[in-house]
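Two complexes, one shared chain (subunit A), two partners (subunit B, subunit C).
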Partner chain A sequence: MEFWKDSQEAVTAVLKMHELLMEDAELVNSMKKVNQLIWYDYTESGPGCAVWVDCRGGNLAFGAGDPPDKPDLTMSLSADDAHRAWSDKLNPVMAITRKKIRVKGSATGLLKLAPKIKKVAVYYNKGLRDLGWEDKILK
Partner chain B sequence: MKGNTGKILNVNLTSSTITVETLPEEYYQKYIGGSGLAAKLFWERGRFDIDPLAPEALLMFMNGPFAGLRLSGASRNSVAGCSPLTGHWGDSSCGGYFAPELRYCGLDGLVITGRAEGPSLLLIEDKQARILDASEYWGRGTEEVNSSLKKRFGKAYRTLVIGPAAENLVRYAVILNEGHHATGRAGFGTLMGAKNLKAILVKSSKKKMDLADPAGLETLRKDLNLRIADALASQVLHENGTAANLVGGVYSGDVPVKNWTSNFWEDAAEALTGSTLTEQYLTRRGACAYCNIACKRYVEVKEGPFKVSEGPGPEYETIVAFGTLIGSIDLAATCKAGRVCNDLGIDTISAGGSIAWAMEAFEKGHLTLEDTGGTPLHWGDLETVITVLLPKIAQRDGPLGNLLADGSVSAAKKLGKGLEYTVHSKGLEAPMHDPRGGGYGMALTYAMSPRGACHVADPMLFIEMGARYYPEIGFDYVLEPKSYENKAEAAVTSVAFGAIENSACFCQFADAEVTIPDWLALFNTVTGSGWDADDMLRAGRRIFYLKRLINHRYGLTAQDDNLTPRMLEPGKDGEAEGSQVNLELMKARFYELMDIDPIKGIPTREAMEAYNMGEEAVSVYPG
Partner chain C sequence: MKYPDISFEPFFTWVNRPRVMYAPGVRSEVGYEMDLLGGTKALIITDKGLVKAGVVDLICEAVKKSDLEVVGIFDEILQDARINLINQGADFYRKHRADCMIVVGGGSVMDTAKAVNILIGGGHEDFQPLADQAGLWEGAQPLPPHIAFPTTAGTGCEVTNAMVVLDEKAHAKLSVTHPYCNADIAMLDPELTVKLPPKITAFTGMDALTHAIEGITSKGAEPIGDALALHAIRLICKYLPLAVSEPENVDARGNMLISSTLAGMCFTNTLTGAVHAMAHSLGALYGIPHGLANSILLPHVMEFNLAEQPERFRMIADAMGLDVGKMDPLKAGRAAVKAVRELQAGIGLKETLKDFGVPQDREALMPLVELAASDGQISYNPRYAEEEDILNLYLKAR
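Entry: the complex of A and B
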């Protein structure tokens, strides 16, 4: 992997970001509106390298590894491309077209969240800083 | 001839003569079909010295080679000729169900000239055709006429119908197939109206086609249909229609607001997006022939001021043209406006563009109550738009109806004010994608498009999004939308590809999944053309060149490859704030790469000879 020592690092960074953005009411509200169980599947970069986010039923929960139920939406990509994506340095349409991201399930919610990626990236970078991984922040 | 039938129907409505003509196979090799083949015929047979609505004007309906092959997205057709709206080359693509039926009749197209003495309809049954009296349908809306024709002839007859707007020669009237699918742009409904041709019906008795390699095609067809259905974009389009990503458009600054005075209206994102339409008004999904994407919508608005019975729903362009563009985020109103436009037979893009211009003119005091016959025009007043303005336009009723019935450019010229805030290229109102937010490459291809500002003349919109790449031919650009880097380079392939798409009559949503080897396999198994990628792309560029030559004959030059001042101003807000397109920079590079004369706007003699257009070269470079 280009950016991570191991798959656990990638998962930690994504979980940290979700932890931070829980304080942003607007983002939380936007995510709840998606009303899906989303699985970010980075397992091509290592076993267990995955994060799930459950936005169903007006709740918002997240965790590492396999999702608690069958996901409504699965996005499969490498942990390195996930890092680029959360950093707003990967054009998601291009990545999907070039099969760097594989999507399974309804992408309606994803389309609504996509414009928020700039704001999400701010939390992602803050999370990296908090974790002492400033060197991983993409310029 | 394999694949194509090689036959077209020539119909002269003045003399009531109908003949079947066999075209040379070379025409298909060089110009494919659809709008390319139409351009070839227009170049040879078109008149450049007459009014676009004169009886001698050609109205051409042309299929592509894949019509009727049960392949998703591949059964569109092209309608072409001199645009009544712009006065130069125009073509307009339509899905629906007409193309396959015509193909099964053993015909690749129709070339209609003359003017019938009274309201008429053209009835085609296999290769036999008759002209019938259509007086009883004249003056009636498309919905009623379509329904009456189906009752009279049978549901299996495929219909093309014009509405009252076309009869009254509104310059941006449409032709509706099956009461739903519009040949929308450039005003070819108007040309049908001028010919007193209310409708065309087609019905075949068999579905036999002579293909070069039926077994090879069958394998490919099944594979492509699966891949097209499985693609994420197809699923998104199926689920929420063509407005599925309106949210993304709003936040990138691609969605124009109030006649392009703004690029950002945040509330529009949720209010107008495709998933909202699905949740609030969708009753069922629809599709063009053999398409398993099914991006068409059927909607019903059960209550409120814009109540609409179940029927065809609005697409993205209509939602924005009757939404943010005219200052509204009322989705029900867009459903209603779209339905009214369909019934009257009006292009929603040019109508929305012309109304947006009029609203701004009224706000600025350039258009007064005296000019409008007492009708005030205010942003977001959809009640007036739907109940007063659209019917007035369709009937050319009063000063306002007459003013707007010829489009925004003509209206500004007649008024002597407001030309600087018209939004068009070559007289065609721009579609609902603002290049200041959507991407600068799209500004270039809007300006270069032979028919005028158009987002489907070529796939640049998708290329800049990152949704298209063709690594097999080295077309692998990573483009930043608001940048000039590699835009002219990308446009060279994009315009050629657009010409191929619109000549093969393949939907841009479906053919996103078709790779270069797939395209070649399609052409080769259907027509036996034996093409390689270079042959195919050369045909694309040749078609692009030929349409420019046609415009040259109409007197257009490189100066006409332009955008209006409003489109070239810096964006005011949102992601597009400060974003300004330097068109001249991209244009100069594009001409250079395309071997186009930067004054005349046509290919150099050498380029034409290199593209096997020696005869055409002699015509424009005599001596």
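Entry: the complex of A and C
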């Protein structure tokens, strides 16, 4: 992997970002509107390298590894490309067309959040700083 | 103008699959070309207006001179690609035992046909779950033979690898991409467009101009797209007024078809921006034809974006035929906006959003704003557009 010492680091960074996102009422509200169980599957970078986000029923929860139910949407990509994506440095359309991101299930809800990636990236970078990984922040 | 220092996406890919054939009367080649693609029994996909105008007859006459058989004409398509009509179209294709399609129409017809072909190629019956998935690249296979004749010069749908589908239940337009959904061959036959009314000629032409301008200023802009878009702008500025004022001018019609295809090849790679995001919402909630919505919004969004990409707007001004030699980039960009407004006035497009009942009340505008703010194209606008920015742009365009 280009950015991570091991796959657990990638999971830690994404979980930290979601923890910080919970403080942003606008983003939380937008995520709840997605109303899906989403599985970010980074397992091509290592077993257990995955994060789930459950936005169903007006709730918002997240965790590492396999999702608690069958996901409504699975996005599969490498941990390195996840780092680029959360940093707003990955062109999602190009990534899908090059099969670097594989989508299974209804993506319409999550795609509505795509324009907010710039705001999300701010939290992602803050999370990296909080974790002492400032060197991983993509310029 | 001396070519300026222009930045672009440091890593980009560019793709365009369809073969393009151009000639007045190129429809005479349809049977031969479909045979090469392996098609023997063709379904024509079109709309009732084109049947009534005799345009479909021109295609049928051309087919009769070959071994290709027309097994049916599906002419149920309405404004926008609608999921129920896509499903009906696939059913019609199967019942008539077609093995290929000839598509005759504008953006709504061509986008519906793309979706029908995806259903046929994949053995699916309902397009809704595929539309929900948005990106249909995983495991995608080439689709049955498909030749398209665009009858408007605007959408570029004959070459784009995406389709915009109206989800009537969700009151939203969904962009769906598939690597093989565009036509195997785009046949640009200007003789098929001479009966297009001036008004539709005008706003579909402005659609092509929007594709070119948003393509060249998008966050995904790159040099290949730049080359295509700049030439599209040159052609549109010269030939759109002619195509409107002289509908039978085949030369003007042909150059407009070429410009539309050039702009389509550009924006299918670079994507677009705020004009498209906002126009999709206007189409979904107010039924405003896509090209007309784009036209109304274009100068306002250009003004909003000017300071973000001044050199790129200067190139646009130059391609529009303005003498930008002594102008600084911002001044040239403002001149380009003025030239767009003059072009609109010259071709008789005077509508504003007020004419379509778009309200002034901020709260009443919020459904439009929220839809536009969550449209995938907004991410490619050169300037980050907050909800407040989008709201103000709608108000300005009113």
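Keep this in mind: the second predicted complex is superposed on the first by the 139 of 139 C-alpha atoms of A that agree within 3 Å, B and C clash if a C-alpha of one lies under 4 Å from a C-alpha of the other, contacts with A are read in each partner's own complex, and residues count from 1 in each chain.
Simple rule for what comes next: a residue touches a chain if its C-beta (ideal position, glycine included) is under 8 Å from a C-beta of that chain, and two chains touch if they have at least 3 such contacts.
Quantities reported herein were computed from a predicted structural model and do not represent experimental measurements.
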On subunit A, which partner touches more residues: subunit B or subunit C? C
So, does A:M1 touch the first partner subunit B, the second partner subunit C, both, or neither? neither
Output check: A:N91 vs subunit B and subunit C. Expected answer is one of first, second, both, neither. What do you get? both
Classify the contacts of A:A114 with the two partner chains as first (subunit B alone), second (subunit C alone), both, or neither. both
Quick one: is A:K99 in contact with subunit B, with subunit C, with both, or with neither? Answer first, second, both or neither. second
Could you say whether A:L15 touches subunit B, subunit C, both of them, or neither, answering first, second, both or neither? neither
Which parts of subunit A are in contact with subunit B and also with subunit C? 91, 93-94, 96-98, 103, 106-108, 111-112, 114-115
Touching residues of subunit C toward subunit A in the complex: what are they? 9, 12-13, 15, 129, 131-135, 137-138, 170, 172, 174, 177, 179, 220, 271, 373-376, 378-379, 384
The residues of subunit B that touch subunit A in their complex are 232, 235-236, 239-240, 244-245, 247-248, 250-252, 269-270, 273, 275, 465-469, 478
For the complex, which residues does subunit A have touching subunit C? 91-94, 96-99, 101-108, 111-115, 117-118
Sites on subunit A touched by subunit B in the complex: 91, 93-98, 103, 106-108, 111-112, 114-115
